[in-house]
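A, B and C label the chains in the order they appear, each numbered from 1.
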Amino acid sequence: MNSRTEAFLAALLALAVLAAASTTPWLVFVLTLALAKGIAVLGILLLLRAGQVSFGHALFVAFSAYTVAFLAPKLGDATLLLPIGALFAGVLGLLVGLFVVRYREIFFGMLNLALSMVFYSLLEKLYTITKGTDGIRVPAATFLGRTLDRHGYEWALLLTALALAILCAVFARFYLASPMGQALSGIKTREARLEFMGVSARRVLLSAYVISAVMAGMSGALIAMTSRHVTPHLGYWTASGELVFIAILGGAGGVIGPFLGAIVFELVRVYAAASFADAWQLILGVVLLLVILFARGGLWGMVLKLCGRRA
Amino acid sequence: MAEWFADNGLLLGLALLDGLAYAALVFMVAVGLNLVFGVLRILNVAHGSLFAIGGYTAASLGAFAAARGLPDWMALPVLLLAAVIVGGIAGPLIERFLLRRIYSEEPVLQLLVTFALFMILEDVQKLVWGVQPLHHDAAMRWLGTVDVPFGTDVIPFTAYQLYVLPGVALITLVGLAWFLRRTLTGRVIVAVTTDREAATAMGIDAKKIFLLTFTFGAGLAALGGALASPTAALVPGVGAGTMVLSFAVVATAGLGQVEGAAIAALMIGLGRSIAVYFLPEAEVLVPYIIMVGVLLVRPNGLFGVTETRRI
Amino acid sequence: MSEVLLSAKGLRLAFGGVKAADGIDLDVLDGEFLAIIGPNGAGKTTFINMTTGYLKPQGGEIHFAGERILGLSPRAIVRRGIARSFQLPQLFTEHTVLENAAMAVAAREGFFSALKPLLRPAWREEAMDLLARFGLTAIAGTRADALNEGARKLADIAMAVALRPRLLLMDEPTSGVAASEKMEIVERLATVLRDARVTAVFVEHDMEVVGRFADRVAVWSQGRIAALGQPERILNDPDVRREVIGIETGGRHAAA
């Protein structure tokens, strides 16, 4: 697909989000969460390009969300909280990344899972700091110093999420076309060659890992400000699994896939999760298997097929 | 030092006994995970769920047996029966209908498939057994307690945790080592582990070996769960916790190692239970600190070997 | 022409009981084409692997352009001007031939630069020019996993050349190449290397190729250099003919 068609489809999706939100007020909240998750999934997609899957990226989402929750009472402005959340997640991503990029595939996936579970346990157990499973309430942030009413606050967050989503998608597209992005798939297919060309595969993967952590950080900050309440559950393995699920559902072939996947996921969840609360992971697991076994391109792959047929 | 020992000696003794029993359980799960990986080259992320399902099945069967008025000693064989049932049903089903479809896929897809299975089994367990804690300790009560001499004191400790758990783990370790080295089937399994292509070329029926190994590994996980069920209440999430813990053992030992898994399980089991008694806040951290520490010094684990790529 | 570019002294490496290198002494002169011949298992590839930092010898020394390179990582060695191609071509299989070549250009020019596309005009032009010199223009847009063996081999070497090395080590550059195109390919390769003033060491089983393109020939046998000299002398040596060429002729027929 050429970039003009992709930009057109992205604009279409953005307009659809705005239209849906303005006609159906309760969707504002749902779509903000969906876009926020989509940003984190975009980071997962970068790692998938390198043939790596992280089962622990909720670690960075939760880390940033708690950072925002702790700082919100003091620095209550979204324009400060968002970059700080992303920055903190990025720094943690660099530290964790220096360790995990030494590994591939099984170890990469499972070390990420193990580290995220450690962080989850800490959030749960260090009650004096984190209030355990009760979680922490996040006061409403101001936007550029202005306090907004509830309606205005929700819309401000939706527009921020949309702007960040577009920014991140455009960035990811440039990144994936650059030598570093192209080398990600080189790690999957022929890592030894990279080394024999004088390129450090670890450095290539580390750069993608830190970017993915920053994206997860933006996502976590948005989620904290939107849901106004952070709990350890944000960092549980099911949350990481959700990100991976959305990445596969949306399709790893293009930067719109994560957002398409996240929006479909959140909309279905609004309707289905209440009726199938006990079997929600089960349903996700079955759908994940079906997508992997029978529709590997995910939703974005289907869109591509439709466009291809028409062209 | 002497003073410290006078104050804390008993506690340390208890920690050691606890740690040994705990290490025995962890070993049972980790060695199954490692065996399956060695032969199938697939890390079964759902391995911990089989542990949990084994535990729940054992508790249900135990309660059923007690309600039917079966003699108390029956509580012990019931544990084994639960493992055989879970391993014998879940093992072949999963291998035949899921894993067999993905042996030639990319590693990342194999990971995603077993992760999907993990999501499914975690909910299956919740749907069948609910979310209330389940505890059935007839086996442990029937065996009573033993006074373990410790210096000038005695520590009362359950015979079940003192003899049964380490005993079964030891039998598993010795039996497995004997089976892999001394029997034809065992040697075939080792041959497939070392060089799958050569083994298949020699006419070894890899399909049969895979099925057998996976079923056996699943049975070991279920046995671990069944044996653990009298010692602690079963709660949702136990599968996920067990999974990351047994991965920590496997990573510390090195992928594919049997005896190494025993040593790593001891290190992690003892380390954790010492933390439980002396530094409870660090309980969840200790296994992973051990793992990360080992991996920083030896990236392939204590006994792991580097795989050299052929170029 | 007679300046020493690469100097290996007393290289030793054993795998279990097998001595893959048992005291290798070799000077490669600047600008020459040196062929390495010898039976399979004689340690020819091991020499390349040691020189490029992939294997660490248990004893000995390697100097390149006067600098000690033993113990350096493959990456550090590449940056000092030693590139290699592989017996089994190591291409990025999800990329096209053009992208593979551009990756090598990028690796040389600086990988972690700005977020400009891999196929930016300057790099695309250089990659296309490189492919043209190797006669690969027609398949520039083909994915690497869809190529035949000969094309993969050439693309693999082209990637090494794109790094602009001073020394190029090639592991069996013509194996898998159809006999009918072999001479043409080697001719083209020799021209590219001479134009770029690249010193070349290549492992080769085809004595016709060796006789025509090598300035010197080194005969490997059981981890040692059994003979070293001008092709006319080495290839007509009765011992070499019996020990190496005899076996290799059989091997070549079996492979073809």
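Operating definition for what follows: a residue touches a chain if its C-beta (ideal position, glycine included) is under 8 Å from a C-beta of that chain, and two chains touch if they have at least 3 such contacts.
Note that the coordinates shown come from a computational prediction; the quantities given were computed from them, not determined experimentally.
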| item | value |
| --- | --- |
| Identifier of the chain whose CA centre is least distant from the whole-structure CA centre | A |
| Remotest chain, chain C as reference, centres from CA atoms | B |
| Approximate Å spacing (C-alpha centroids) for the pair chain A, chain C | 44 |
| Distance from the mean Cα position of chain B to that of chain A, given in whole angstrom | 33 |
| Distance from the mean Cα position of chain C to that of chain B, given in whole angstrom | 49 |
| Interface hub residues of chain A, defined as touching at least two other chains | 188, 192 |
| Residues of chain C whose C-beta touches two or more other chains | 54, 90 |
| Touching two or more other chains - residues of chain B | 311 |
| Chain A residues within the chain C interface of the complex | 171, 174-175, 177-183, 185-186, 188-190, 192-200, 203-204, 207 |
| Contact set on chain B toward chain A in their complex | 37, 43, 45, 98, 101, 106-109, 111-113, 115-120, 122-124, 126-127, 240-241, 243-244, 247-248, 251, 255, 281, 284-285, 288, 291-292, 295-296, 299, 309, 311 |
| Residues on chain C engaged by chain A in the complex (per definition of touch) | 52, 54, 73-75, 78-79, 83-84, 90-95, 99, 103-104, 106-108, 111-119, 159, 163 |
| Chain B-touching residues of chain A, taken from the complex the two chains share | 48, 51-53, 55, 99, 102-107, 109-111, 113-115, 117-118, 121-122, 125-126, 188, 192, 237-238, 241, 244-245, 248, 278-282, 284-286, 288-289, 292-293 |
